[in-house]
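Both complexes below contain chain A, partnered by chain B and then by chain C.
Right, the complex of A and B next:
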């Protein structure tokens, strides 16, 4: 065995498998937010590391596609780098770190700051596709609740949050209602990103490899985060700008910088941060300090 | 509307577990505001009957017709699952013998009482909480326990919480499966007292399963005696208990310990 990677079928999976996954994807797009079971395959990484997302990406990727992979918003973390090089090896497609150049973005835990455009597809890696799971452990029962749109239970969770903490304390994997019908787990993205899902022009696909479920939100579909009338959904907010690029209105990561408890807050989206810095360098005409207002993504 | 038509018309109902039957040939009518006790020894099919009437178990024979809130009469076995669930959410309650079966043990008391409201579309936290607090008060649970989970409650409190959770949506019909067994005598008495007053205040129709004739005597208008899955005697509670006709009922009545 010579081990040449070109021996792999494009996208690693065999054509029959891709066909099976595409069928599940078509069904998922036809019923927004509905979890479609599929025969999840082994891929060369452990379950829980994004096998669902990898299978979805492998099934939709073509030779003309440009792939971007992010993990917690960053292009340079282990998971992102290894998945990106995996697809570069088994498909030969061009990869990028730029959100606006990519046609397929596979993501774990974030939606990029740069607004997605029509024609782009974002593939989420999903660890737990069932939003009701921790409230109702029986799969037979959760399916029934979805079938009957019986979602009172989800509000019990939010009620408990308010009773205990005075506000809805769920900050990631915040449950959403898709097209007014199906309750959906948006994968563990921060609630900061929830509003970006609403009526997004991009196609949003969700793959849960271990749990063997695929679901989708087609472009321009209503995605409503749950809330009470007197305690509506509130996305997280940050009071300070990014310490590197100065962007405001973006999602920030806390980075510990010394042993004395010092920390800085920087963009979780590395592509956004790099480009904001580059743009600031270009427009630096006389000003020594970059203004706080220069880069506010819509 | 009273006395015109029964709330529940049960004809020839039976449920079998494979070859064996749990109950069979049960006929009964239940009118609005009426409390019907089903008594009998353990294994006589009381709980099976309750399960069959409430659509938790599939009927293997007979029919159950229920008069809906809008006055139309529906055959329960012909209703869709979603329609039956809607009945559960809006018109029926079920009080289990073991409160852990009817409560979410790790959700706060307020959440437990509020859940049926949220399931019927309440989306205002303040109002849900106010309604829950009001019901806790009504079932004599201190309102400052509203954020404690039932795991921290005593048996009697759990059972009262379960009753509050069932009554918060103002049901028309409540099924109770041995609600007082497993509680000590003084707690039983208070709980029965509470059930009595709630039933008369709210005009509930109740089917209560019990093996305790004293419970039947205290709260029910009519009594049904079951043995080996069949109804062997039925009538006004006082008549059945004071002047039992069937040999088995006589035995049951005479076996009460006289204090």
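Right, the complex of A and C next:
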């Protein structure tokens, strides 16, 4: 934030608006996976850049909270930096990059590698809250399909993927069934992250500002990724470890390092990666300096 | 290199400092003040106020300057400020028949009570670059109070040739406010008109134009267009009378459309309505065309064109979400792209395996593809092969 700010309420939104959003959140928590329409406000960043997540965070954040903001898993991507500095300016709360220190984590496209704990809230920025939207463009119609729990369209889509490609060809924003009732878009997290939503001890809130919808998954709620008995849900996996910290079983970014097709794979979760490196350094200095090999994977 | 997208606070601060410098232009030239913008770019200011849903010429002028002339950016600025303002209540309906028009024309009558008044208009100007005298017209207008100018729709309405302002028995329902309440389709006409008033002028212009070209035709006539200042009043129940808040300049368009009628009801013209802040004729006219097109269901018309489709029009007319979402593609998406990349590599790997096993892929087994060229060093260089093999996804359950 540069330049002087004109007077704004704490958290930017006025108290009436926060109350309206909190009511929508309560309803969302009461009906897991159900999209609650809310009177989405403009916020000082463009629509589609996390305005839903920003409104949810602005409505729940208090003085004692510690905020972490990530985009693509990283704390240092430009939009994460921008949103974090926005909240630092309009709320004055403490911010962090450490997943385990944060009470509120606002995210775009990832769930942190560090498992979330009870008492934490993760706020997802959602571009398209309607999992059926690309199968049925009309809101009036998709509302009816949800009311009737008529999700045949989605199963047909997944079946067609299998018939055409031999696999379910959805790799992110992979549809989930929440508490056995509502089909829900998990936001464009990679399907790799989907299992983390299931029975998470953290409260999961979803804000879609442009589409004016809020939904939620309360702690310890069933979140089942769709699949078939013979073609079950398959989260993506990486066969290699991170080239920096050596972690395995984490989501990796492919970083192109030359113009001849060379690439390295590194953690998408920057906090996880930094701490893994720090831990490795600690154990190394603690022990005898046995061979200063870098943990470069084969 | 992609990591360049990962930037710290310093990169952002520097980018904004550069932006401010670009916006200043040549420092030897005087800076444009908001007063100059408000006074000399009135039409632009009107657009920012209308689509920003806030009547404040000074703030709109500031927004235009801060946005360096990017209208949609200026509108977003105004909206983001407006949304934090408390709402105290509704004004009384503005009485546009009472406004002393600066401009008032009707295309449906050669002359009418109050007369035609051209006012300040680009119509009939020759679009040639020229410096014009800015002293204003010769003051030869007759003294005395301006003549009454009843609305054309009221004149026609008295003879029931035109559908009335409100359907019989409509009462006076509480107007909705789509900035404060969730929007759910189908909308009331009042909500739709709010959405259209905030809607992007270019989008509504295109849709209005499409109805004229046959995509949901409504046979429109510009019944009346008027521009002028109206008094804004708010009811104060404890005082027992209306309190004037001030005057705002508006443009109103009453479109008269295709008549309806059948054996049971006499034929009657239908209407579309447009209203915008300031001088904004194109916007008001486009809005009235789209308003009428969206009323298709009211008149039992078949919905066949985009302009008649409420969900399509209303969901996409607002420039703030539209611009934001299109431009959000600039944000990093490498996590999702990585997931797609993994799948495409896997599918290609399986394809190659099938081909190698002499599967159904016959096109690739021709002599051209199996020749020695294909296995030459150029194609199997370590760089190329290495990266393609790195991210094979593990098999299911592995």
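Methods note: the second predicted complex is superposed on the first by the 278 of 298 C-alpha atoms of A that agree within 3 Å, B and C clash if a C-alpha of one lies under 4 Å from a C-alpha of the other, contacts with A are read in each partner's own complex, and residues count from 1 in each chain.
Note that a contact is a pair of C-beta atoms (placed from the backbone, for glycine too) under 8 Å apart; a residue touches a chain by one contact, two chains touch by 3 or more.
Every value quoted in this text rests on a predicted model; they were computed, and no experiment measured them.
If chain A is used to align the two complexes, do chain B and chain C fit next to each other or clash?
Chain B and chain C fit side by side in the superposed model.
Going by the contact rule stated at the top, is it chain B or chain C that touches a larger number of residues on chain A?
Looking at chain A, the partner in contact with more of its residues is C.
With both complexes overlaid on chain A, does A:101 touch chain B (first), chain C (second), both or neither?
Touch partners of A:101: none, neither chain B nor chain C.
Looking at the overlay, does A:38 come into contact with chain B only (first), chain C only (second), both, or neither?
Touch status of A:38: second partner only.
Touch check for A:260: first (chain B), second (chain C), both, or neither?
In the superposition, A:260 contacts chain C only.
Have a look at where A:166 lands relative to chain B and chain C in the superposition and call it first, second, both or neither.
Once the two structures are laid over each other on A, A:166 reaches chain C alone.
Once both structures are overlaid on their shared chain, how near does any Cα of chain B get to a Cα of chain C? Whole angstrom is fine.
8
Can you give me the overlap between the chain B contact set and the chain C contact set on chain A?
Correct list for chain A: none, the interfaces share no residue.
Along chain B, where are the residues that touch chain A in the complex?
Spelled out, the residues of chain B in touch with chain A are 81-82, 85, 89, 104, 107-108, 110-111, 114-116, 118-120, 123-126, 128-129, 146-147.
Residue numbers of chain C touching chain A in their complex, please.
My answer: residues 1-3, 5-9, 11-13, 16-17, 76, 79-80, 82-84, 86, 178-186, 311, 315, 320-328, 331-336, 338-343, 346-347, 350, 381, 383-384, 386-388, 390-394, 396-398.
Show me the residue ranges of chain A that touch chain B in the complex, using the header's touch definition.
Answer in residue numbers: 144, 148, 150, 152-153, 155-156, 159-160, 162-164, 228-231.
What does chain A use to touch chain C in their complex?
Interface residues on chain A, with respect to chain C: 2, 8-9, 12-14, 16-17, 20, 37-39, 41-44, 46-49, 51, 71-74, 76-79, 81-82, 85, 108-110, 127, 138-140, 165-167, 169, 171-173, 188-192, 210, 212, 232, 234, 236-240, 251-256, 258, 260-263, 265, 268.
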